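Please find the structures below.
In the two complexes below, subunit A is the common chain; its partner is subunit B in one and subunit C in the other.
Up next, the complex of A and B:
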């Protein structure tokens, strides 16, 4: 365990950003936290989490896949990838950090998504332990410890110091990059903070929601349940929940006519949208009930079925605070749990 | 208030006037309410709420609900009745299938406004009309209700119900002193470059979730042009981020003269973009160039942009106001 006084955080950021691009959660003009490229004067936000999740760094909302230029009868294909520089994301919370391992299971299995893989390879994730969870947090339900985040290196801010320890080789590299600022330290303050946070976590309103229904009952039982109709009744079919979600990974690929060629890009898609997975053959989900059901079946049934029982949710709570009509995954889990 | 509302709903269900009731349901927290349809007295007793947290506008749901079998009872706040009228006017709501009860409103508490004051971990809130008691994981706080209102309520234009079959509680007045154009005036006073910077700063946060469009009572096209893959401007993120900024400007133009200023767009935006300012700018301009007009105030008047009069301003107004600079 190493540490440095919190007042010297700026020096650490400056040292990192001299070597690599550094992103930290900082308060925007709207007084909410957003990941921001660090430069002199940018301060680490006190907010628990950013409005958008950290998945943007590895799976951005839009990715330019390639360009096509047409000259006479020749079509030139241009690979315009630029993600070849190392970068650091600092201050990622435990929930978002776990979301990367979920996304890995989608994008890094065969066939490997080279766009995602390149970004993962070049990115170092430095996490920050939570001390003041919000009422919407329920990461504990998925076995995530907000007080001991994973990631390449993990940090704690306690008693006026930033404590840091490496979890991976990349994390060790990060620490050696800034080692001149750090001093070795005991982990007493960190352990005390972990205890204090654990106490708060145990009081969170969603701390003990029961997800077992989704592992005990068959896919078809859940799929055909009458609950979906009532649960989705007020859904306005926007994509807020999917776009603020750190684990939603569906995308669409589109061609943009630039006038002299084509820009082929991929963009986040949302199962809540009316044209989701629409093909020449038609639309497999023609009603909002079906679209709504898809989102929760994916997270609570299909994903764990395919990935050693791991749920496709990290309990970050963004969908809970952002849904225009306050419908969310916790209500879905509770509704099914209650009928047991 | 809630008790009176539930009792009246039960009566209307029992005597067969209606077969369904549209209202709000309690959420996981006392302050997160979800629009819901109730079909029995038991359901009403179990979940129905009408309190200082029922911000969602129910009018748009009536486009679908009024086409179902039987008559539906709906509770509308003053601002919601403007949306309702506008939708009736556009033949989107079948008026004869809806029984409207106007409910008194003194402004709704907005959790996001409270959170912006640095209050974390809110587990419940109670309002007595004057003050809001906020229970959090980190202790309790009390705030005057006036400091907890969402944008749409803090700049409310009218507490008067413009459509109803009956009322519960008092009817209010149109607020002639409303400060709703204050920020628009500030934006107007900016230089074009400053204004451009302001809007780029705000709109660049857009994630194209379409919450603003989907919640908007003026956006009821059967199929939106932004959902049509063949339009070349389909939803989701665009290749060029400037296009997403244009999306909001185009949408605001599309609802000009029909937008009642219900404020739902800004309430639901996950990125807290003050979208209502675009709409208010157009409302203010219409008032100025075509005479005062409030969309949804009635169901018969002709909208300024759908009507021609000799008094209409000329297209050159753009230039005379410096639009060519």
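Up next, the complex of A and C:
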């Protein structure tokens, strides 16, 4: 374990950003936290989490896949992928950090998504332990410890110091990059903080919601339940829950003719949208009931079915605070959980 | 740099056959004149006209064809209309192969078995690949029965190949039917599901079925009445697709992605999944 006085954080950020691009959560004009490229004067936010999740770094909202030039009957395909530069994301919370492992199970399985893989390879994730989890947090339900985040290197801010320890080789590299600022230290303050945070976690309202229903009952039983109709009744299909969600990974592929060539790009898409599955022959999900059901079946049943029982949610609570009609995954889990 | 399946290859259209008023079959090779890639019967590819869009199409030619690949494409929307307007020599893009394909080499399922193919309309496209594969590897398969129907005589895809080649193959029985009486047609008239029942196929057969949802539904019901088991009957599913590799989240039926785990399913597999298709 190493440490550095919190007043010297700016020096650490400056040292890192001299070598690699560095992003940290900073308060924007809206007084909410957003990942921001660090430069002199940018301060680490005190907010619990960023408005948008950290998935943007590895799976950005739009990615240019390739370009095309057309001339007469001929087509030229331009693979304009470039080796991306090394970068560091600092201050990622435990929930968002776990979301990368979930996205890895989608994008890094054969055939590997090279756009995502390249960014993963070049990105170093430095996490920051939570000290004041909020009522909307329920990461613990998925076995995530907010007080001991994963990631390449993990940090704690306690008693006026930033404590840091490496979890991976990349994390060790990060620490050696800034080692001249660090001093070796005992982990007493960190251990004390972990205890205090665990204490707060145990008192959070969603801390003990029971997800076992979704693993004990069959896919068809859950799919055919009457609950979906009632739960989805007020959903307006805005898709906000999918865009703020760190584990939602649905995408669309589109072409755009710039006038001097065609760009093919992918963008985030949402299973909550009515045309998501529409074909010339009809639409298998004709109403919001089916679309709503898809989102939660995917996270709570299909994803775990295909990925060693791991749920596709990290309990970050973003969908809870952002949904305009106050519907969310916790309500879904509880509704089913209560009937068992 | 890692290989990226989302970046397609350039294909050249070397031949266009007009099959029906709304189906054309395109012959495609790479820019080097060779086949773009190998495939298993029932697998598909993403075909695109850049700037217009990409769409999933069955590779209707057999893998035993060493020279080119074929796609039979029905005009029904934006991309398919543009494809229909293309001329020979035009380049398009292709990526694949995608999906599982039919279990042609599995002795429990297809290999060594008597086969019954049931197709309706453009549904012949994926089955044609298997049928020609079986023709080329005659010794590996038993008797073949093909029931193919369409709205009218003019809507039968690959009509010439059916008459000249399939009907002339030993142990190949081909039964054609059209929905309504038509001048110049002295063959069978009536819907596919009833025709299949009338033919009372032998219960030992493996069935491969592809066509419009109503045809599938009633044919399956008829086959079950005759005593066929769901494990013996295979079909292909068609859902909207974008990535074709199980990542964009678009084509799932329950916990299966049709682009990757399908498009070929047996009915016992489908019975465990939601009927969301």
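Throughout what follows, the second predicted complex is superposed on the first by the 333 of 340 C-alpha atoms of A that agree within 3 Å, B and C clash if a C-alpha of one lies under 4 Å from a C-alpha of the other, contacts with A are read in each partner's own complex, and residues count from 1 in each chain.
Just so we're on the same page, a residue touches a chain if its C-beta (ideal position, glycine included) is under 8 Å from a C-beta of that chain, and two chains touch if they have at least 3 such contacts.
Owing to the predicted nature of the structure, the values given are computational and were not obtained by experimental measurement.
Room for both subunit B and subunit C is found when the two structures are superposed via subunit A, with no clash between them. Of the two partner chains placed around the shared chain by superposition, subunit C is the only one that A:223 touches, whereas subunit B remains out of contact.
With both structures placed on the common chain, the touch criterion links A:269 to subunit B and to subunit C.
In the superposition on chain A, A:327 makes contact with subunit B only, not with subunit C. Judged by the touch definition given at the top, the superposed model places A:278 against both subunit B and subunit C.
Of the two partner chains, subunit B and subunit C are each touched by A:252. Of the two partner chains placed around the shared chain by superposition, subunit C is the only one that A:79 touches, whereas subunit B remains out of contact. When the shared chain is aligned, subunit B comes close enough to touch A:244, but subunit C does not. In the superposition on chain A, A:31 makes contact with subunit B only, not with subunit C.
Judged by the touch definition given at the top, the superposed model places A:107 against subunit C, while subunit B stays out of reach. Vectors from the Cα centre of subunit A to those of subunit B and subunit C enclose 90° in the overlay, to the nearest 10. Superposition on chain A leaves subunit B and subunit C with their closest Cα atoms 8 Å from each other. Common to the subunit B and subunit C interfaces on subunit A are residues 252, 257, 269, 278.
Taken together, the subunit B residues at the contact with subunit A in this complex read 27-29, 32-37, 56, 61, 111-112, 116, 120-123, 136-138, 201-202, 205, 207-211, 213-215, 223, 227, 229, 232, 234-240, 264, 267-268, 270-272. For subunit A in complex with subunit B, the touching residues are 28-32, 34, 48, 51-52, 61-62, 64, 132-135, 200, 203-206, 233-234, 236-240, 242-244, 252, 254, 256-257, 263, 265, 267-270, 273-275, 278, 320-322, 324-328, 330-331, 334. Residues of subunit C that touch subunit A in their complex: 1-10, 50-54, 76-77, 87, 89-93, 238-240, 242-243, 245, 247-252, 254-255, 272-274, 276-277.
Partner subunit C is touched in their complex by these residues of subunit A: 65-66, 68, 70, 73-77, 79, 81, 83, 106-107, 111-115, 117-118, 219-220, 223-224, 249-253, 255, 257, 262, 264, 266, 269, 271, 276-281, 284-285, 290, 294, 297-298, 301-302, 305-306.
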